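Each of the two complexes below includes chain A, the first together with chain B, the second together with chain C.
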Partner chain A sequence: MNGRTAAEQRLAWLLCAPAVLAMLAVTVYPMLYALWLSLFRYDLRFPDQRQFTGLDNYLSVLTSPVWWQALANTLLITVASVSLELLLGFCFALVMHRTLVGRRTVRTALLVPYGIITVVAALSWRFAFDPTTGFVNGLLGLEGAWLAERGTAFVVIILTEIWKTTPFMALLLLAGLTLVPGDLLRAARVDGAGALQRFFRITLPLMRPVIMVALLFRTLDAFRIFDTVFVQTRGAQDTGTVSLVSYNTLITRLNLGLGSAVSVLIFLCVLLLAALYIKGFGIDLSRREES
Partner chain B sequence: MPRATGNRPGERLFWAAGSVAVVIYALFPVLWIVSLSLKPGATLGDGRFFPHGASLEHYLAVFADPRFSAALGNSLGIAALATLAAVLLGMFTAYAVVRLEFPGRRLILVAALSIAMFPPVSIIGPLFNMWRTLGLYDTWAGLILPYMTFMLPLAIWTLSAFFREIPWELDKAARVDGATPLQAFVHVIVPLAAPGVFTAAILVFMFAWNDFLFAMALTSTSEARTVPAAIAFFTGSSRFEQPTASIAAASVVVTVPVILVVLLFQRRIVAGLTSGAVKG
Partner chain C sequence: MPSRAGESVPVGVLWIRRGTERKKLRTMTNTTSRLKPSAAALLLCALLVSLTGCDERAPQTPRLRWYVFAEPSGAFAEAAGRCSAAAQGRYQVELAPLPTDADQQREQLVRRLAAADPDIDIIGMDVIWTAEFAAAGWVLPWSGAAARRARAGRLASAIESASYRQTLWAAPFTTNTQLLWYRTDRIATPPATWDEMIDMAEALGESGTIQAQGARYEGLTVFFVSLLASAGGSVLTSDTRSVSLADPSTRQALGVMRRLATSPAADPALANAREDQARLAFETGTSSFMVNYTYVWPSARANAPAVAQHMGWARWPAVTAGRQSRVSIGGINLGVSSHSRYPALAFEAAACIAAEPGQRLAATRGGLPPTIATLYDDAQIRRTFPFADLLRATLRDAVQRPQTPLYADVSLAISHTLHPMRDLDPDEDGARLRAAVQRALQSEGLL
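Our next item is the complex of A and B:
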């Protein structure tokens, strides 16, 4: 190794060091600390009773119906919102791709739900469905208290999620659509392929990598859902999600040991989901670095 | 880019109608909360979408509440400083990753990607405990640190994508002329990279402005509580009057900057959001 490359490497490490240190200090170290805390009985209201208990906290969480209920709720919200977002996002992307008028207006309008604070979006939808201040009941001729019942509460939560995050999906898919060569579609049309055939035989396969990346990011994001549920139901009517269980155990009840076990389990779930996508659907994330 | 193929009038009308539908979809919940915030107190429960007469009473009430002004200041300050820090560190890292040869380049990008997938809720407990020990609980720094860290991956990826497009021969030329790599970075690259840096900054700012979880877990008073958390606490604070309209007014106030940013910079935001996902 000559002097120049050594200097270059030193500079590279110097430039990367602050970011790497921050990521280590604020994510890796706390995660390891959570792992450590999860092995103790440690309640901040009774700090003197701190005691090593091995895997007891995990046993308590995994035998608690609250955790399984929350996990089922989280998965329901994730699957429902991400799949509907993909459908709706595709429609929006096609509209933006094909329309000749007001393309920029549509794109700008779609960035509003993306940019708006999630808490504000959740409040807007909560008030809209509220029996006293809302307009939805009047519009539909109903008299339901939507957020007071489990089934309808999920409808409101999922609608809010879809409204807020479909734009992200649509913009990614639009970028993917522009990668599909127009000549290929025109040739297929000349050869007599119908619109649906062109979509399913040409557009969709070519967009597979973009769709997979969009799905991966949205799934992991949806699985972490906290803001919307907190604002709309606070987990009442058995609508709690895993993030809400973790927050309530850690911050509301100050039970660091038990809450850390929940945190570690959530981390493992996310890891599992990511691995499923990357291995199962063959998303090649490393390819993106070489471009 | 090739546009739609055969443009029969029917087809054109169909896509135009689609555009209108998308715009309505995107804006009606925003219009609804604006409408709610303008409804005079007595007509709050009238069940209409549009207000019957408009009043600014709820806005006056919100700004009369010192907790809201404090939260607004906290949100602005914390988001601005977190953005500055994330973009600065991200810029250093992206430059090294794109321009310099060193072992561990790939590792840094992969590590950043893993952190982008990391669930923040998993570390609020440890951070809560650490911040109390370190005296960072309920301070600006206590929120700036996690915001900066969680947005570093986005900053690094976006900036790397933009940095790859820069004509680097100019950098080489500067170095041939005797500039050190650091001088070349500051005087040649920074001005060229400004658009990408700006894009990354917008995205980071929007994240920090939006965060609710860290703000709820790591603050307890007006010292550092940001707007999303403050709005959530509005709910329980006044037991004798319906706070719905005040919450709506506060929501509109914090949504205005977002809409301005979106209107001014929509092209950059879209470029930044899609730069990482579509390349390859």
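Our next item is the complex of A and C:
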């Protein structure tokens, strides 16, 4: 029996090996390489001046107001968009769950924004809010240039994000809703529980693991926001995010050392967020799969 | 087309290009022969067939790849086609289209250049890349007779835009600069200075809007450099190694920016406006002034004939009365990549494209002003650019954006520090700007 388990385990590892190797090649190697590069003063334009500088790049990033401003912006966008997406996503999920007629049409219609490429979505929102070519000002009887002010630019960016990814949230939550046993809800109804009571006492607690996973996915995703901001403001009006800082440093300025340090710091932030969710809120990704 | 022949025998093409690939393929067949003789024999046969197939077709015409922004009228393609035809099989120029946005062109190019991509032969270089590409060793210098021919009859400012440290790094091809566009039905004589223009615009009220470039991007740097040079200042010292930004010119330039941005005559979307937003807004007819490149003229004639009918042009406004404005020069010069497989042919092709017929095509078809000074007297060119004399005069006094290998950093520092213009404090922001440009020149810290 023991020998067989061992053999099975070996087989399992062998079967996994190609995937593991592929992951090592395409994710672990670049990550370690970025970590290595971040310890150098290294500009692609002046490869001869490459020089080991230890943690100088990190020091330079962490003492820069640009980084902290970008981090604050990123967190603002993340918190605002994810929390609103959760609320809206729940509404959509309930609608999709309860629809009796045209169920397929309703679900498809709700999923359309998620199928649109982010850059295209960001561009169409930018044009919609443009004071010259857009329709939003005409519709609301306003005259302002939305993307030219920090506050309103954030509104447009966050709205774009919400419009674009709420369907994803709704889809995950819908899957969670189908997990709630109908018997339980009917029994509660017989016991005299109202609709609200049933939702908060039965549906929500049973869906907690699903909600947490949905939040985790979206938070990590939102934290890396790049396309929307790049297309709509390019980080102007102090709307820059950490990904944009990394892009500016790596791609535009070709400063591999400094840019890699920024990327490593973003990675650490993402890691921290994931740890916070998993330890702090007690999400158990593996147990969910078993049940 | 020779490339089509190449597609039918891909292996053969590889062998012509890179001798090392050949060795690789041989070792591959050796190892396979140990594994399965029959399969190896088959493979060998296939290789031999393709080898002989290729030998029959050789020698192939060298294919020169010209990386340049996707010019919509097809003028570049035609110029390249003419030179290829004239070369009678010695080379064939093929276009590799890049995005129209200069920042994005550079992003795509520099990654290839830094990786020593041999696919690039000729580069359509924006004037602001000259120092960077030259210092990084990505382009080959022009020297001797080729340099003399590339310089002959070209506008001095265009030659300067293609030079770095007294060496020519590209053949001046097209150029560009901004003019002042105004509504002749509302303004009798165009304003000479920015202050005058803002006064005029404010007096006009609703329809007085001034269109300019105020978004946080390269265009804001262009705007600032033009204002600064018009006030008599410069961003870097003449050796381009340290920051200048002396007062009072810096304060004057910042003062104009602030006055414009806080004036009721500014477009509410100024802080997000690029060239195209300005053009579109002017074409709606609600604006009376615009600083912009020459492409707005054919565009207005096509999109808004009613506006074009009353569209006048004048010299870019001065900062101080009595001192002619100096406007940033733009344009595309042709460089030869250091990693080109056929550098001699690439120089020849670049010189051919940048010669008079190529410039004429780019001007009449693509609307890109030529760098050959005498072309501005040509009747055909003057039909395309009715403002040819004004354009040439502006180009003669044009100012170069800072010619440093760290231009990308310097430009980011300028546009990030000066944005949004309405919040500028001319008395204090000069010091902030100096510090930011200084940091950029040392390639330090985030921007």
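Some notes on this structure:
By definition in this document, the second predicted complex is superposed on the first by the 269 of 291 C-alpha atoms of A that agree within 3 Å, B and C clash if a C-alpha of one lies under 4 Å from a C-alpha of the other, contacts with A are read in each partner's own complex, and residues count from 1 in each chain.
Following the convention adopted for this analysis, a contact is a pair of C-beta atoms (placed from the backbone, for glycine too) under 8 Å apart; a residue touches a chain by one contact, two chains touch by 3 or more.
Note that this is a predicted model, so its numbers are computed, not measured.
Taking chain B and chain C in turn and counting the residues of chain A each one touches, the greater count comes from B. Of the two partner chains placed by superposition, only chain C is touched by A:S60; chain B is not.
Once the two complexes are laid over each other on the shared chain, residue contacts for A:V101 go to chain B alone; chain C is not touched.
Look at A:V229: by the touch rule set out above, it reaches neither chain B nor chain C.
In the superposed model, A:I251 lies in contact with both chain B and chain C.
In the superposition on chain A, A:A148 contacts chain C only, with no contact to chain B. In the superposition on chain A, A:T133 contacts both chain B and chain C. Counting contacts as defined above, chain A residues 44, 130, 132-133, 251 meet chain B in one complex and chain C in the other.
Note for the complex: chain A touches chain C at residues 43-47, 60-61, 64, 66-67, 130-133, 143-145, 147-149, 233-237, 245, 248-249, 251-255, 258, 262.
Only residues 103, 106-107, 110-111, 114, 132, 135-136, 215-217, 267-272, 277, 280-281, 284, 405-406, 408-409, 412, 419-420, 443-447 of chain C touch chain A when the two sit together in their complex.
The part of chain B that touches chain A in the complex is made up of residues 1-7, 12, 15-16, 18-19, 21-23, 25-27, 29-30, 32-33, 36, 44-45, 47-49, 89-90, 92-93, 95-97, 100-106, 108-113, 115-130, 145-146, 148-150, 152, 156, 164, 181-182, 206, 209-210, 212-213, 216-217, 227-228, 231-232, 242, 244, 247-248, 251, 254-255, 258-259, 261-263, 266, 269-270, 273-274, 276-280. Every residue of chain A that touches chain B in the complex is listed here, in rising order: 5, 8-9, 11-13, 15-16, 18-20, 22-23, 25-27, 30-31, 33-34, 37, 44, 91-92, 94-121, 123-125, 127-128, 130, 132-135, 137-139, 163, 167-168, 171-172, 174-176, 178-179, 181-183, 185-186, 189, 209-210, 213-214, 217, 220, 223-224, 226-227, 230-231, 242-243, 246-247, 250-251, 256, 259-260, 263-264, 266-267, 270, 274, 284-291.
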